[in-house]
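Think of it as A, B, C and D in the order they're written, each chain with its own count starting at 1.
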C-alpha cells in the first residue's frame, strides 16, 4: 500500500498537495473542473480584517519562467469570507487553511480572533506579502519583527498556526527559528520574491506599486534551497512552495525536508495540475517502492 | 549622434556591454567568433591568489529559465593569469576587469597587490561566489564583514575598485552602502542566487557541494529590483547583472539606474549575444531619439 | 464538471493580412464539439515549453459544426508561436471562458470594431437575430470583411491612411442615435470614445482586454474598475456594460 | 573568424528505432558546406523559447557533401523537441566543436560503441583509412548498422536480451590484443571497461560526455578529471586518450 497521507499540526491531509494562497481563490472556480476533495488542502486567498480592493494598474506580468504579480491582497475581508466563502469551502471535503495578512499586529489579531470561531483547520499567517505598502512586508524581513507578530498572534490563536515565510527575509534560517520560537506550529515557504519590470517604451515601471512578487518555476532552485536549510534548523512541519509544476518537483521538496507542498502559479498553466501531480506522485512512489512520504522526507 | 560610451570609475567604455565573470573565460574562446574590441569590457574568470581546480561532480545543471552552476572558481591563479592570459587580453582593445575572489582577507590583499602592477583597468572584487566552502560567501552576506574586506583591500588597491554583490546578502541596500563607505568606487550586482536541485532517482543532490549558483533570465526581475534599490541609495556607478538576454533587458537595467551591464549566462545561449545586444541598443536609442545613456539612466 | 485543457488539431492556420492570422481547429475526438457564445474566449497554448509561461486568451471568432475559428494578430512571443502551428499539429485549449455577449437583444444594433477587435464580431453577427450594422476601423490594411457580410445589413469601413472607406477613425462615422444597442471591441481609446458618444443615448456593451493569467477567475490578475467595484475580465467579463466601466488612462 | 549559430534546414528527421532518430540538415545558403571531423559535435537548438535554456550537443554522425547527419536518442526535453522538427523547418547549430578523433592513425583499429555511442562511429569509420573492425553493443534493439557496413571489415554485435549477436556486453567479445588502436564511445561504464582491458596493451581513445553549457570552452562546466589535470570535454575533448581519464564512479 502506498500511503500519501501526511499529518500537519494535528490535521490529516489525504495527500501532500495543497493549493497555494492567492492562486486558487476560495476554490470555487476550480471546483468546476474537479472535485476539491481530491486535494490535500486549500490555502485561501490572503484575507485581511477588512475588505481590500487590491492594487491599481497592471497586476500580472509574465517573465521568463514565471510571473510577477501585484494583486495587492484584494479580498472580501474576514467577515464576508466567513459568511460567503467558508461555508462553500467546508463542503468540499478537504483541509482548509485560512491565509491571513495584515498591516498591523492588531489587524492580524482581530482577524485570527474571528477565525478562531470557525471550522477552519489551520491558520497560515502571511507575514510576507510584498505588495502592500508598509504592509505584510515589514514583518517578513527581520526576524525580530516576525517574532513579535507571531508570538502575539500565538497567544490568542486557537488553531494550529503555520507561518508563511518570505524569501526576502534577511536570513531565512534565523527567520524560521524565530517564528518557531514565537510559537509557530509549522512553516510554509516561500512566498514571492520581490522583483520588478520596466516598460521601456513608456519609461515607466510595469506596476503602479513599482515592486511586485515573482513566482513560478524559475524560482524553484532558490525555494528548494531555502526549504533545505530551514528543515535542517527547525523541527516543525514544513510546507514547501515555489515553482512546483509536476510530481518530480514535489519529490525534490519532500527529499529536502518538506512535509507537504503548495502549488501556486502552476494552477495558472493548468487548472488541473494538482491532480496530475497527485497521480504522478503516487505512481512514482509505487515504482520506487516508497510506502510513505516519511521514507523520503528530508533524506538529503 | 548616438553615444553609447560610458565612463566607469575613470575608465571609458565604448559601450555599456561587459562580458560577465566566469561566463567568458579570458575572452580567448569568444575572440574566435568576433573581435573583442567591440565590447565595452570583459570581466575575467574569477581569480584567486593560488590556482584552483574547482569543484568535483556535476558543474552545470539546467533549470527553467536558467541554470545552476558549481564551477568552484577553477582558475590558474593570479601569477599564471598575469603571465599567460593578461597579455592576450591586453591586445583585444577592450576594457579589462580582473574579477578577484578569495577565502581570506589576506588572500584578497595579496591577489590585488599583484594586480596593482599590471595594466588592468578595474578590479572587480567578488565577495559573493556561493560555491566555495567557507569562501567568498561569508563576505557577501553580512554588511559588516563586507565592510571589513573592502576597506582593507581599498587601502592597498591602486586600481578603481568595483565590488560585486551577492543577491544572497541579508539587505542588499545596506550591503551596498557599506561597501561604498568602505571605499568601493563602483558596484556590480548581482552574482548568482544560492539554489539547489535533487536527483530524485538517486536521492542525492545534483551537486557535490549541495548548493550551487542560479543565473539566467529567470532571476532578472529580482536582479532588476536590487539594482533599482541600490541605485537609489548610493552614488557610485553600478553595473547591472542578472539574466540579460537582449537589448531590452539592458534598457530596463539602465532605466533603473545601472551605468553599464554585464552579460553572463546569455553568452551560453549564443556566443555572439553581446554583439546583438550592442546593435539592438544602438537602434533602440536612435529610434527613441536617445542621444546618450545618461538621458535614460535611473529615470525610474 | 468542466473539461480542463483539451487537445485540438490545427485544421488550417493562414496569414490573411500582415500580422493577422486565421486558425481553424478541429477536435481530435469525434464526439466533442465546440461550445461557446460570441464574446467568450479560449486560453490557447501551442507550445510544450514553460516559456511563454502563460497561455494566451483568444476570442471565439466562429464556430461551425465541429470547427472553431480564431482570428488573431501576432503581437509578441505567444501569438507568434501560435502562428507557426501547421495543419495537423495539435495544441491545447481551455474554454469557453468569460461571459460573452447577450445575443437575445432585439432592435437596431451596431457592432463597432477596431483592428483585431473584429475577431469576436464575426460570430456575434451570426448569432444575433436583429438588424445589424457593422462599423469596422482599420489602421491601413482591411481584412475579414467578407466573413461578416452575409450576417449584417450595412458595413462601414474606415482606415487611417485613406486606403479604403472613410479616412479617419471609425467613431467619426458612427451615428449612435440610429441604434438601440451597440457592441464594441477594439483598442481602449476607441471603446472609450464609443461609450462617451453613446452616454445617456444608447446602451453599449464593450469587450474589454487585460493581462490574463489563470483565465478562470481565480487569481484576480485581470481586473478592471467599474462603478460597481473591481471585476474580473475573465469571469464577469470580458463583456461589460459600457457605462459601468471606469476607463482610466 | 568562426561563424556563430547558423540556421539550417531539416532535410529529413525520422525515427529509426524506439527513441532513436536520424536527422539530416542542409544549409540554407548554397555556398556554405558543413565542416567537421568525426568526433566533433554541434550545439543544436531547435526551439525559439528560453526553455530549454541551453542548446544540446550532438555529434557529427555523417557529412555528405552539403548534408549533415545527426543520430540521436530522445532522452529529455531538448532531444524530444529536436525530434518534433519536420522537414523544411529551420534550426540553429553552432560548430563544429571539440577536438574530434585522430583519423590519421594506421594499423588495425577497433571501434567500440554502446547504444547511441554509435553516432560518431559512422563518420569515423568513413574517415579512417585503415583496417577497421566495429564492435557495437545494444541493450535490445539494434540500429544503423547498415550505415557503417561498407566502411569496416567486420561487425560484431551484442545485445543484452539475446535478440541479436552475442548475448551480453560488447566488452565481453572484444579482443584488444588484435588491434593497434581502439576508439570508443558509449556509456561511461563501458568505456571504463574498455580502457581497463586495454591498459598497457592497446591505445584507447574515448569520446567522453558531460553536461555542456557554452560548448566553446568558456564556462568550465563540462570538465573531467584526467591525469594531467582538469580538462574541458567541449574543447580539449570530447575525445581523450583513455589512460589519461580518471574514471570516477
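One rule holds in what follows: a residue touches a chain if its C-beta (ideal position, glycine included) is under 8 Å from a C-beta of that chain, and two chains touch if they have at least 3 such contacts.
Since this is a predicted model, take the numbers as computed values, not measurements.
Looking at B-D alongside A-D, one finds more C-beta pairs in contact between the chains of B-D.
The chain with its Cα centroid farthest from the Cα centroid of chain B is C. The distance from the centre of chain B to the centre of chain D, each centre being the mean of the chain's C-alpha atoms, comes to 35 Å. Between the CA-based centres of chain C and chain D the separation comes to 51 Å, rounded to the whole angstrom.
For the pair chain A and chain D, the distance between C-alpha centroids works out to 46 Å. Touching of two or more other chains is recorded for residues 50-52 of chain D. Multi-chain contact residues of chain A, defined as those touching 2 or more other chains: 63-66, 216-217, 245. For chain C in complex with chain A, the touching residues are 1-5, 50-55, 94, 211-223, 225, 229-230, 235, 248. For chain B in complex with chain D, the residues that touch the partner chain are 22-25, 28-30, 32-35, 45, 53-54, 56, 58-67, 69, 71, 74, 216-217, 245, 265, 267-272.
By the touch criterion given at the top, residues 64-65 of chain A touch chain D in their complex.
The residues of chain D lying in touch with chain C in their complex are 47-52, 77, 81, 86. Contacts from chain B toward chain A in the complex involve residues 63-66, 68, 141, 170-171, 193-198, 200-201, 203-205, 210-212, 214, 216-222, 224-225, 228, 243, 245, 248, 251-252, 255-256, 284, 288, 296, 299-300.
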